[in-house]
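Each structure below appears as structure tokens.
Consider the two complexes below, in which chain A is the common component and chain B and chain C are the respective partners.
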Partner chain A sequence: MVKYIRIAINTLQEYFVYRVNFFFGRLQVFIFFVMFFSLWSAVSAGRSSLGVYSIPQIYSYFVVGYIIKAFVFTTRTADIGGDIQNGNFSTLLIKPISTLKYYFSRDIIDKLFNLFFMFWEFILILLLFKPELAMPSLFNFIAFILFLFLSIISFFFYSLVISFIAFWSEDAWSSRFLFGVVFITIFSGQYIPLDFLPPVIGKILDYTPYPYMFYYPLKVWLGQIDQNMIYLRLLNGSLICIFFYFLSQFMWLKGKQKYQSYGN
Partner chain B sequence: MVTNSFIKVWVIMAKNSLQNKLLSPSSSIIFILGKLFNYAFSVLIIYSIFNQVSTIKNFTSPQAIIITLTFSLIDSIIQFLFRSLYTFRPVLLKGDFDLDLLKPLPSFFQPLLSGPDFLDVPMIFLQIIALIYFLIKFSLVPSVGNLFLFLLIGTNGIILAFSLHLAIASFSILTTEIDSLVMIYRSLGRAAIVPTDIYNNFFRIILSYVIPITVIFTLPAKAVLNILTPGGITYSFAFTILFLLLSLYFWKYSLKHYSSASS
Partner chain C sequence: MSTIQVKNLTRTFQIFDKKPGLGASIKSIFYRPQRTVHAVENVSFEIKQGELVGFIGPNGAGKTTTLKCLSGLLYPSSGNISVLGFKPSDRKYEYLNQIGFVMGQKNQLWWDIPPQETFLLNKAIYNISDTDYQKRLDFFIKTLDIGDIISVQTKKLSLGQRMKCEFVAALLHNPKVLFLDEPTIGLDVIAAQKIRDFVKEINQQFKTTVILTSHNMNDVEELCKRVILIDQGRIKFDGLLSNLTKKFAELKILKFVFENKISKTDIKKFGEIVDGDGYSYTIKVSKEKYLSVASKILTTLPVTDLNIEDTPIEDVIRQVYTDKN
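Moving on, here comes the complex of A and B:
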């Protein structure tokens, strides 16, 4: 346990070495929020509702979404693909530590560090934009927390799966770009609530894991999913979690056998 | 003469870059697929937003879609031309930039122009075809004059994008930290997926006067739509000249303070 705490501390120290980069990284996330918040403010100006959303609900979608993004999509598992391809992975394999626990330790500290900054950014958002927010009932809040927990675990294993593709491919970044950036941002509903898209696309996305990582937790917060459906979605979310857990374990076992290290 | 040899070197570098991409066809296909999804969904998102409201600040759905298509086209051209900035940091950290400075090329050649991204080329063709298709579909075909103005303002926008990329490269020489700064530019640039006029005052001022994304993306689109004012044209050229001069000055300043990673 002590060695993994040490790994986490070392990861934290890395952030302090590249302070400007980290600051700009957070600034980029903040700008992304400001852009979408401004866009939807313009869209909702002079209107009392947009589709099934009241204006406070639309604001909440993006403001609470900002919190979800910090909890769910901050990760260091994206480093694995690069480490496999540049050979750094070999040094990890010969160390007396569990490789997956090594990345998990880094992941935890990455989330905590980002959450610390997100907290202050969130206060800044409330002060700057003074958004009128829709608050959930106690039941929905508890369900939201459960969804959030499932989203974090699902995304962790999903991200591992993407990184492990590097065992078989020539380039780690291409699969990360398609599955970890494009699909996640578009299909999870970060740009637009998914029920604004044509219904056929919404139905197709229902069979994918993406809405469970961002869209459904928000729908629960907004009270737009009835109680029975919440249980069903939670069950689906849990199954997705289990699926990616086993897939990642399978790929890890097979990938290690396939792994070849180059270098001098 | 100097320009000719400069173009020759660029073509050689471009060929190398293309060969590099062809070495890993599967990952190139995945990248293109990702770009394709991004592009298609950008248009779909704008279409879906305008399904909820008929106009936003006087912009209609067809106008907004043309602006999105123009944004994507210009963005792809910029990505194609200046992609090497994304790989400049390792060059700086390893000290290889010293060798580039010794070459009889403009000092900004390596960070900005040495690695055009050919994965953007299929997208550029597709985006041109889609833009023409939707202009015809919406009966918004520009006159020859507007088309000429679009090319002029578009080229001007690309020169301004060059200036911004040069400023980022200059900053990276001073700090060796570049990745997130590029992503900030990308995030701000993405704001031009819709006409920047629709944003609130504060954000619009940033996009117009601080990081002039409006000049790069929105004004060329307005030229196509024949809604660009003479004031907009003047502002476009004035800002480009100002930013180009400032970024060249900043570049020279950063080179004076450059210390090799190996020294």
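Moving on, here comes the complex of A and C:
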């Protein structure tokens, strides 16, 4: 355990090295919210709802969604593909540490780092814009937290699977871009809520991991899924998580035998 | 029992050759004929505990591939490897805890933070006690003279400084087996010497088994009694470095200094002139004739000094490669 805490500490130290990156990173969050509230206050002028969403629910969808994005979809596992391709993965493999735990330690500190600063930014934004947000019931809040944990773990293993493709293919970045960026952004509901899409697409997406990482946690926050459905979605989300865990383990076992350790 | 046992090790890679040009690049999207390359083929050897063995050969000979198989980074295509009683490709923690690997062209140091942070991480990874850590770090700092650089960001260190810190990171846990892949590549003569002295020291003091690959023959000559010469994936020679010279060197180098100026014509008849300014000459003579040639020159010309040397190891190795071709 001590070794993984130390990995987390070193990762945190890396973040503080680049002060400008750090500052601009935080500024980017702030700019997003300024733009978001300016845009949506114009769009929602004179309206009380948009589809099945009230205006406060729309605000919540994107504001809470931004927090989910920062917390779930930030990952260091994206580096693995490149490291496998250029052989830098070797420096990790010769050490008595678990690759999975190594990257999970880095991811956790990454998320906590984001969460810490986002908390203060969030307070500032609420004070500045005073948006009316939809708040969940206690039950829905607990279910939301459960979904959030599930999303973090599911996405971690999903991202590992994408990175491990690099054991077999030299095109590590294209698969990362397609499955890790395009699919995640569109099919998880980050651009627009999935119920704005034709119902048939929503039904198909139910059989993919994407809505479980972003859309359903938000629907739970907004109270738009009934209790029985929440249990069902949690069960589905858990099965998806387990599936990607075993798939990543299988790919790891096979992939390390294929590892070429390029370069001297 | 040997620390390292390798039997019939073969490692192949699938590669495809792309013809030059954009057209060939486009074609390669649809069609990539693969061919199998034997990086290492039927290699067998044993290394005892505390031995320091040089693995030498031209580029692409299979040296690094062998080291990577020994460390567990690569799975062998066939054959058996045992290091410290373990099968390296299993990558058991008990095994990884006992090996160190310095790769001349790969960093294990964290790039953006000072080396001491990597050292602390390795302390945690290898479960080194505070006392041992401090004792070893003090030893490394003193031996490698790195006291003032371990708190500087890794990326701001020179190559030589970084290499010294790479050694510390690889040795903090006092490994029983150390793999060194081109450890002095790109270093200036002073830094390279410091690294060689350091390797010698840890080999003698801790009885660490060391396998070294290097193109720098100074590394090999100074550190390794035994060498394994590999070419095109096959072992060409395995034995004492001195025997390599005996086996493959066909020439001796004779260096004379004369009292008076001697013409080249007078020297030429004894052997091939390598260098000479009239007052001193260096000539190459076959191993069979060098004694009689030296004797003849001593009796017929005004010699004030004579030196007989073996062919430099670089020339011997070059000759082995040339003979093969």
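By definition in this document, the second predicted complex is superposed on the first by the 244 of 264 C-alpha atoms of A that agree within 3 Å, B and C clash if a C-alpha of one lies under 4 Å from a C-alpha of the other, contacts with A are read in each partner's own complex, and residues count from 1 in each chain.
The definition used in the following text is that a residue touches a chain if its C-beta (ideal position, glycine included) is under 8 Å from a C-beta of that chain, and two chains touch if they have at least 3 such contacts.
Predicted model only: the values in this text are computed from it and were never measured.
Undergrad: With the two complexes superposed on chain A, say which partner A:S38 touches: chain B (first), chain C (second), both, or neither.
TA: A:S38: touches chain B, not chain C.
Undergrad: A:P198 contacts which: chain B (first), chain C (second), both, neither?
TA: first
Undergrad: On the superposed three-chain arrangement, identify whether chain B or chain C touches more chain A residues.
TA: Touching more of chain A: B.
Undergrad: Per the contact definition in the header, classify A:L234: touching chain B only (first), chain C only (second), both, or neither.
TA: neither
Undergrad: State whether A:S90 touches chain B only (first), chain C only (second), both chains, or neither.
TA: It touches chain C, and chain B stays clear.
Undergrad: A:L100 contacts which: chain B (first), chain C (second), both, neither?
TA: A:L100 sits against neither chain B nor chain C.
Undergrad: Just to be sure I read the superposition right, which of the two partners does A:L133 touch: chain B = first, chain C = second, or both, or neither?
TA: Neither: A:L133 stays clear of chain B and chain C.
Undergrad: Which of the two partners, first being chain B and second being chain C, lies in contact with A:V2: first, second, both, or neither?
TA: Second partner only.
Undergrad: Based on the A-chain superposition described above, do chain B and chain C contact any of the same residues on chain A, and if so which?
TA: After superposing on chain A, chain A residues 18 contact both chain B and chain C.
Undergrad: Would you mind writing out the residues of chain A in touch with chain C in their complex?
TA: So the residues of chain A in touch with chain C come to 2-3, 5-7, 10, 13-14, 17-18, 87-88, 90-91, 93-97, 256-257, 259-261, 263-264.
Undergrad: Once bound in the complex, which stretches of chain A touch chain B?
TA: Residues 18, 20-25, 27-28, 31-32, 34-35, 38-39, 41-43, 47, 50-51, 169-171, 173-175, 177-178, 181-183, 186, 191-192, 196-198, 201 of chain A touch chain B in their complex.
Undergrad: Chain A touches which residues of chain C in the complex?
TA: 13, 64, 68, 71-75, 89, 91, 93, 96-97, 99, 101, 103-108, 110, 112-113, 117-118, 120-127, 153, 181-182
Undergrad: Which residues of chain B touch chain A once you look at their complex with the stated criterion?
TA: Within the complex, chain B contacts chain A at residues 23-24, 26-28, 30-31, 33-34, 37-38, 41, 44-45, 48-49, 51-53, 56-57, 175, 177, 179-181, 183-184, 186-188, 190-191, 194, 198-200, 203.
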